[in-house]
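The following pair of complexes shares a single chain, chain A, combined with chain B in the former and chain C in the latter.
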Partner chain A sequence: MITFENVSKRYLTKQALSDVNVSIPEGKIIGLVGSNGSGKSTFMKMIAGLVSPSEGKVMIDQESVSRRTANKVAFLSELDAYYSFFSVKETIHFFATQFQDFDIEKAHDIIDFMDIDVNQKVKHLSKGNRGRLKIALTLAREVPIILMDEPLSGLDPMVRDSIVKGLLSYIDLEKQTVIITTHEVTEIEPLLETVIAIRNGKVLALEDVETIRERDRMRIVEWLKKLYQEEA
Partner chain B sequence: MGEEFNPSKPIYLQLVDRISWEIIKGERKTGEKLPSVREMAIQSGVNPNTVSRTYNELERMEIVETKRGQGTFVTEQKEKLVELREQLKINHIQNFIEEMKQMGFSSEDMIEGIRTYVTNEKGNQS
Partner chain C sequence: MMNWSGLLRKEFRVTRTLLLGVVTFDLLVMIGFFLGSARWEVPYLTAIIGGLLTALHVFFLPLYLLISLNTEGRNLNLWLHNPQSGARLLGAKIMNGLLALLISIGLVSGLALLAYNLETSVLELPIENVWLFGFYFLTVIVTGSFYMGTWLTFYWTLYQVLKTYIGRWAVLLVLILIGFISWLGSWFDGTRISEVLIDWGYVQLPSPLNAEVSQQEFDLTVSTFPFPIGNVVFDLITIVLIFLLTCWLLDRKVEV
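This part shows the complex of A and B:
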């Protein structure tokens, strides 16, 4: 379980998170939603241990986030993080040397499923296939927490579909929790069990999506708009 | 990607409706195995936990049975499916009557309307 206790983060001129208190349930696919600059990426990076809080604590299973908890978290960032002169196969092997929990066979399975040629150089992959490769590298790690920052952004509908199907095929919610940020919320709404709404560095709500449908009769986007209006 | 869902009703119930409908129409036969939770999740682009909830609800309604280690199957108890069909009929009639009432039609208007419509349809077919 991931918990934020009174977490704030200040950058030089900007308050990225302010006094966040939230416990994130396990075994779910969770959407982290909010406008640009609301603090989503900072939130994710803190769980991965890539950014540390100015105040408060981020805990994974009652342990403060550190290099030691990093082996519980796979982080798919918005940026590309691999050597473009590697082939797909070499990239997989490189990742296997970096992470003890990396399952090479699973990585090859997913690459196969995504229909990517392992002998191609990463720099020659289309944007869509680079997106797919990133997903494969993330899902091939046997870790309890998977973080995906904008996994669908800038990709065409066919690629987005194969990423969603890959995700559904290769995660195990009995052992894993997935947190996704995306601007394509409506598109992946049926995939999400829970959403966390964030605005100006504050967590406004954590709610089950089925409850939003049943009680408020709304899509996530409409619900988020309503929360933003109430807050403003 | 996936399928369209109504934003004002829980998805697990929409899947219950859809699968019930498929069974009544004979697209899923008695005793037939349903896709595994994961397969169904992938096919419909829906969260696996939501699909589990759908299967639990169908099981509670006694329309499907889960056999340990084998999967989930459409029930072989025909009377349960007859019951389900009756239930769906009543639901449809309720919705129909509700909407007709909102438009200000009386029960007599509705019955008369249905009778005329059915007669005309028969006439057109022959």
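This part shows the complex of A and C:
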């Protein structure tokens, strides 16, 4: 289980997270939603051990996270980051050498599903295809935690739809927890089981999507708007 | 083992173009001067240029590492989201840089040696044993480059840590720190503690030079020179500590 205990993160001129206390349930697809600059990326990077808290502790299964927590966490960054000199096939091979849990066969399956030419240089792929490659590299890892920061950004609506549908077939929810941030909340809403709302570095709520639908009779975006209005 | 070889292969690809550029430059300079030397009639010109180019290799590893680290710096999350230790991530860069350094310096010094042996000049240089001279020279350049490269890696990593907190001021702070540590090193060199730590374990190494000391009464040929082992041990411990500190910073303090 991922636990945030009194976690704050300060940068020179900005408070990115503020006294966050949250325990994230296992084996679910969780949406992390909030406006731009609300602290979503910092939240994700903290779980990946790529950002350290200024105060408090982030733990996975009772162990404090560090950079080397990468052996438990697959992190898809929102940035368009890749080794441009590698081909798609070489990129897959490089990831397989670095992560013991990397399933090459699964990576090739996903690449086929995404219709990407494995022999093409990554720098020659379109932005959309680079986005798909990132998704394939992340989902090909057999890790307990998968973090996807804006996985659909830069992809056209048709592709987004097929990826959202494909996501479920490449995730094993018996063993894996997936946390996704996205601005296309409506598109991934059918996938989500739990949602975390964040604003100005504060976690406003963690709620089951089913509860939001049945108790509040709302969709996630409406629920988020309501929370933001109450907080304002 | 697979992850180490994977890292090495990736590092080679990161700087492959750079290595090709340097090797091409080496060849152009050496061949150019070799062809030109026949016209200019300067004794040992190609060998001297080769020697200078070899000496410039002291800056090879720091520059090579700076380019490689800056490439990673543009996509830090890609480099650092990796379960391998900082020692492995940095070690693969240093190892690859050393290999590139040896290729380039081997090429230049080999061609310089060849040019020296092909020289028909009547002018005699005061070098008794050219192989031994070359060995000492290359050892000094390669170890010096390694030393500077390790310090550069430390300062680069420190910059990455500070950048998160103070932004662009990190460059200034690191430059001030470089100045301060250099001053501290110079000050330390003159102290009694430095003498105790460094100035010991002298051994006599064979001299490659043909140096004769002539007095009124006698001629003396200097065939050995004193070399302090203590100096090597001190530098080795310093550089290991700096590398470990850099790895700790990379693993614990650098943020993306």
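Points worth noting:
Keep in mind that, in the parts below, the second predicted complex is superposed on the first by the 230 of 232 C-alpha atoms of A that agree within 3 Å, B and C clash if a C-alpha of one lies under 4 Å from a C-alpha of the other, contacts with A are read in each partner's own complex, and residues count from 1 in each chain.
Methods note: contacts are C-beta pairs under 8 Å (C-beta built on N, C-alpha and C of every residue); 3 or more make two chains touch, one makes a residue touch a chain.
On a predicted model such as this, the values are computed, not experimentally measured, just so you know.
Overlay on chain A: chain B and chain C fit together in the combined arrangement. Shared-chain residue A:50: touches chain C; no touch with chain B.
Contacts of A:99 after superposition: chain C is touched, whereas chain B is not reached.
With both structures placed on the common chain, the touch criterion links A:29 to chain B but leaves chain C unconnected. Contacts of A:66 after superposition: chain C is touched, whereas chain B is not reached. Shared-chain residue A:164: touches chain B; no touch with chain C.
In the superposition on chain A, contact of A:197 is made with neither chain B nor chain C.
Put simply, the three-chain overlay gives an angle of 160° at chain A, taking C-alpha centres for chain B and chain C and rounding to the nearest 10. Of the two partner chains placed by the overlay, neither chain B nor chain C lies in contact with A:146.
With both structures placed on the common chain, the touch criterion links A:125 to neither chain B nor chain C. Between chain B and chain C the least C-alpha distance in the superposed model amounts to 28 Å.
Across the superposed pair, chain B and chain C touch chain A at no common residue. Within the complex formed with chain C, the residues of chain A that make contact are 11-12, 45, 48, 50-52, 66-71, 75, 77, 79, 81-83, 85-86, 93-94, 96-100. Residues 1-3, 5, 7-12, 38, 41-42, 44-50 of chain B touch chain A in their complex.
By the touch criterion stated above, chain C contacts chain A in their complex at residues 2-3, 5-7, 9-10, 13-14, 16, 75, 77-78, 80-86, 164-167, 250-256. Residues of chain A touching chain B in their complex: 27-29, 157, 160-161, 164-165, 168-169, 173, 187-193, 210, 213-214, 217-219, 222.
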